[in-house]
Amino acid sequence: MNRRVFAIALGIAICLLPLVSNAYWTDVCVSIGIYALLALSLNVILGQAGIFHMGHAAFFAVGAYVTGVCNTIQHIPILWLMPVSGLAAAVFAYLVARPIIHLRGDYLLVVTIGIVEIVRIALLNDLFGLTGGSNGTFGIARPEFLGFRIVKGIHFYYLVWGMVGATLLLFHGLWRSRFGRALNCIKEDDIASECCGIDVSGYKLAAFVLGAFWAGMAGTVYAAKMTTIAPESFNFMESVIVFAVVILSGGSQLGVLVSTFLFIGLPELLREFASARMLLFGLAMMGMMIWRPQGLLPPLARRYGGGLKSAAPDAMKDGPP
Amino acid sequence: MEQFFQQLLNGLAVGGIYALVALGYTMVYGVLKLINFAHGDLFTIGAYLGLTLLISCNIAGMLPPAAAVLAVFVMVGCLVAILGVILERAAYRPLRDAGRLSAVVSALGASIFFQNAIMLIYGARYYVYPDFLRPNFTVHLLGVAVPGVRLLVIGTSVGLMLLLWAFIHRTRIGAAVRAVAIDPDAARLMGINVDAVISLVFLVGPALGGVAGLMVGIYYGQVDFTMGWMYGLKAFTAAILGGIGNIPGAMLGGMLLGLLESLSAAYVAMAWKDAIAFLVLILILIARPTGILGERTAEKL
Amino acid sequence: MSLLAVREMTKAFGGLMAVNDLSFEVEQGSIVGMIGPNGAGKTTVFNCITGNYVPEAGDIEFDGRPIKGVRPHRIVELGIARTFQTIRLFGRLTVLENVLAGRHCRMKAGLLACMFHGRAMQREEREAVRRCMEELEFLGLADRRGEAAGGLSYGNQRLLEIARALATEPKLLILDEPAGGMNAQETDALIEVIRAIRARGVTILLIEHDMRLVMQVSERLVVLENGSLIAEGTPEHVRRHPAVIEAYLGSSDGRW
């Protein structure tokens, strides 16, 4: 199928969906949107730079809690807190990633898992007496934009998917730049990258910080939507789901969107199976990877101006497996 | 001092269990470079199978206690081993040539599947392990009364580890396993049946994991269907701590992690023990990027 | 004056002395060949110069400044580019993108510019593509620009590594067995390429086992054995040097 046509159709469907769906599915799509933000930001780290990062929920949690705590204690408006939370998550990511960024593959993977667990336990134990322990933080205000209060599901829907749209554009730009190319080179061969002049640890760190910034902003939206946040919303399983979304996507942004719909939407569709739905979900996870080991939609080759259209390398071409 | 000694022994018991589970991670990683995230759930299955054998099949009623324990251990080991081989065939073999992370996602899916399968079969509640198998003698060591079960757990895990070590280092099949871990392609060219070695690893690793699950049931007297998640994560951490792919490393990492947890729970704070374990892991990896016993391979240029 | 000066450099791996108290210089604008039996430590010397290894002792001076302990990507920025003995291209990226990776360190667009694609960033991208296409044309790979680098023939992959290195605008180009795996015609073409690169003002330091190539292109040779310098001078001089003859004929390898 032509990818462009599919992307446009998907875009139109997303724009029109809340007009025809009920409140329940609109809410489901809000949470799909939040996961999409997380997955798109993880895609920069994991999909583009090839850094085994299974701890994205930690940055999401930092963003959500900064929003929750600042809003309930200082009553700072939510939209102001969005960049603040992003920044807080980015600073946190910088501090924790800096000493570990040189670790290889699976060693880095387990460290990032460790970070999620440490963050969750710290929140659970009411760190600094601010986070509310296992009960979490509640009474978070709704965002207001030029006097318009974002309360209903449909308001959040357009807020979240508007952010997803902006993210798609910005990250697409990133992908088509020296930054994106550098990340791809690092994924292919970090030593060769370093030897042709790419600051490998600098770029890895930048990918981490950028991804964390986005995850932090997604945390703000999540906190405002739920109005209550608790440590259990940011456990390792959340990281696992976002990780799986990115791997299944194949690495392109369109793939990430499709993959998010599959992963987050599927358990909702399986609701009628009641207690067996997670069992089926696990089976589906295995099945989907076996069905498409290379992911749903691997990125196409970049195009370069001036008649320098660059053909897709075979390994990256979209097509039947 | 007495408390310290008790914590030390408790740490060794928990550490022995971690080490047994960690061996499953590290052996699979050694030959396939895959983190088998479903391994923790095989461990849980071991605990539940033990429960079924003891209660529903009434093994304990048919045999004298010592023989019953032995029989249950062997049966659990065998059953979980079979499950391990099926897991490899179904979830990992089709992905052997795909990217490494595709297989990791499949492993995560398998983990979710197993966990929910246990929940559906046994129900979402915890089970109390029958205590008639739990040895209730105490041993006086250096003037301290030590529960016998603690010593038995330490003894069993150390014994199994020694057996495994001997198997890997003293037999021809063990040599084949080591060869595949170093270079699967070269091993294949030398006439080693790599698929058979992989199947073997998926027999031995899960068997050890299943037995470890059974030991947790007997030691703590209680099991629940989510316990594999945390034990699996800890054991995987232990394997990384020791240097993944390295068998003595997994044993050392497991023991260290057990001691660390037990002592930090006693002397720092119970609520922070998991966080402390991960923090120490991170600090050790910062100092030694490939774990304590991991090879420090300078990348060849 | 000399562009590169290595002074009393020592590098050991565990107990093995890979490079032992080595000193040599590379003159600006020259082509210097480094030869020696397998395991003599030649590649280790290269890896120390490019910052991949840090020698235990000694100094390395490039273009008048010490570079020992400087990280590899900074050394590339300072003007040393390299190729690898075992080809290390970005196999799944296109030929053009491989060269663009070399151009990376001469580009300036920051994170925000990369996301927003401002005018300056776009101009820089176009300029980089143009510059990289020139390098591809220089090496005769321009019409392969859209192919995956991993799909090129062995010889073309070696040329592409050179193109990637040249895109960094090096003052010193370090080639590690550039003719490895090439047939006779390809090697002849490579000799022309090496001379043409020097004609552009780039100084060249190369390791090569193909003696025909080394003797034809090098103005000076540095001979290593067991990590130590055993001879140095013009090809004519080195060819007749007793220590060199001993090293080559005496070794089981004996490739000469």
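Which chain is which? They are A, B and C, in the order written, and residues in each are numbered from 1.
Just so we're on the same page, contacts are C-beta pairs under 8 Å (C-beta built on N, C-alpha and C of every residue); 3 or more make two chains touch, one makes a residue touch a chain.
What you are looking at is a predicted structure, and each value in this text was computed from that prediction instead of being measured.
Visitor: Would you identify the chain whose C-alpha centroid lies closest to the centroid of all protein C-alpha atoms displayed?
Guide: Smallest offset from the overall C-alpha mean is found for A.
Visitor: Which one of the chains is farthest from chain C, going by Cα centres?
Guide: B
Visitor: Any idea how many Å lie between the Cα centroids of chain B and chain C?
Guide: About 48 Å, centre to centre.
Visitor: Distance between chain A and chain B based on Cα centroids, please, to the nearest Å.
Guide: About 32 Å separates the centre of chain A from that of chain B.
Visitor: Measure off the straight-line distance from the CA centroid of chain A to the CA centroid of chain C, and report it in whole Å.
Guide: Comparing mean C-alpha positions, chain C is 41 Å from chain A.
Visitor: What are the residues of chain C that contact at least two other chains?
Guide: Residue numbers touching two or more other chains: 52, 84.
Visitor: Which residues does chain A have that touch at least 2 chains other than itself?
Guide: 191
Visitor: For chain B, jot down the residues that touch at least 2 other chains.
Guide: 301
Visitor: If you look only at chain C, which of its residues touch chain A in the complex?
Guide: Those in contact with chain A are residues 50, 52, 71-73, 76-77, 81-82, 84, 88-94, 96-97, 100-102, 104-105, 107, 109, 111, 113-117, 121, 125-126, 128-130, 133, 145-148, 150-151, 164-165, 168.
Visitor: Along chain A, where are the residues that touch chain C in the complex?
Guide: Interface residues on the chain A side: 170-171, 173-174, 176-182, 184-185, 188-189, 191-200, 206, 210, 301-302, 304-306, 308-311, 313-316.
Visitor: Touching residues of chain B toward chain A in the complex: what are they?
Guide: My answer: residues 29, 35, 90-91, 94-95, 97-99, 101-106, 108-117, 119-120, 124, 229, 233, 236-237, 240, 244, 271-272, 274-275, 278-279, 281-282, 285-286, 289-291, 299, 301.
Visitor: Touching residues of chain A toward chain B in the complex: what are they?
Guide: Touching chain B from chain A are residues 46, 52, 99-100, 102-104, 106-107, 109-111, 113-115, 117-118, 121-122, 124-125, 191, 236, 240, 243-244, 247-248, 275-276, 278-279, 281-287, 289-290, 293-295.
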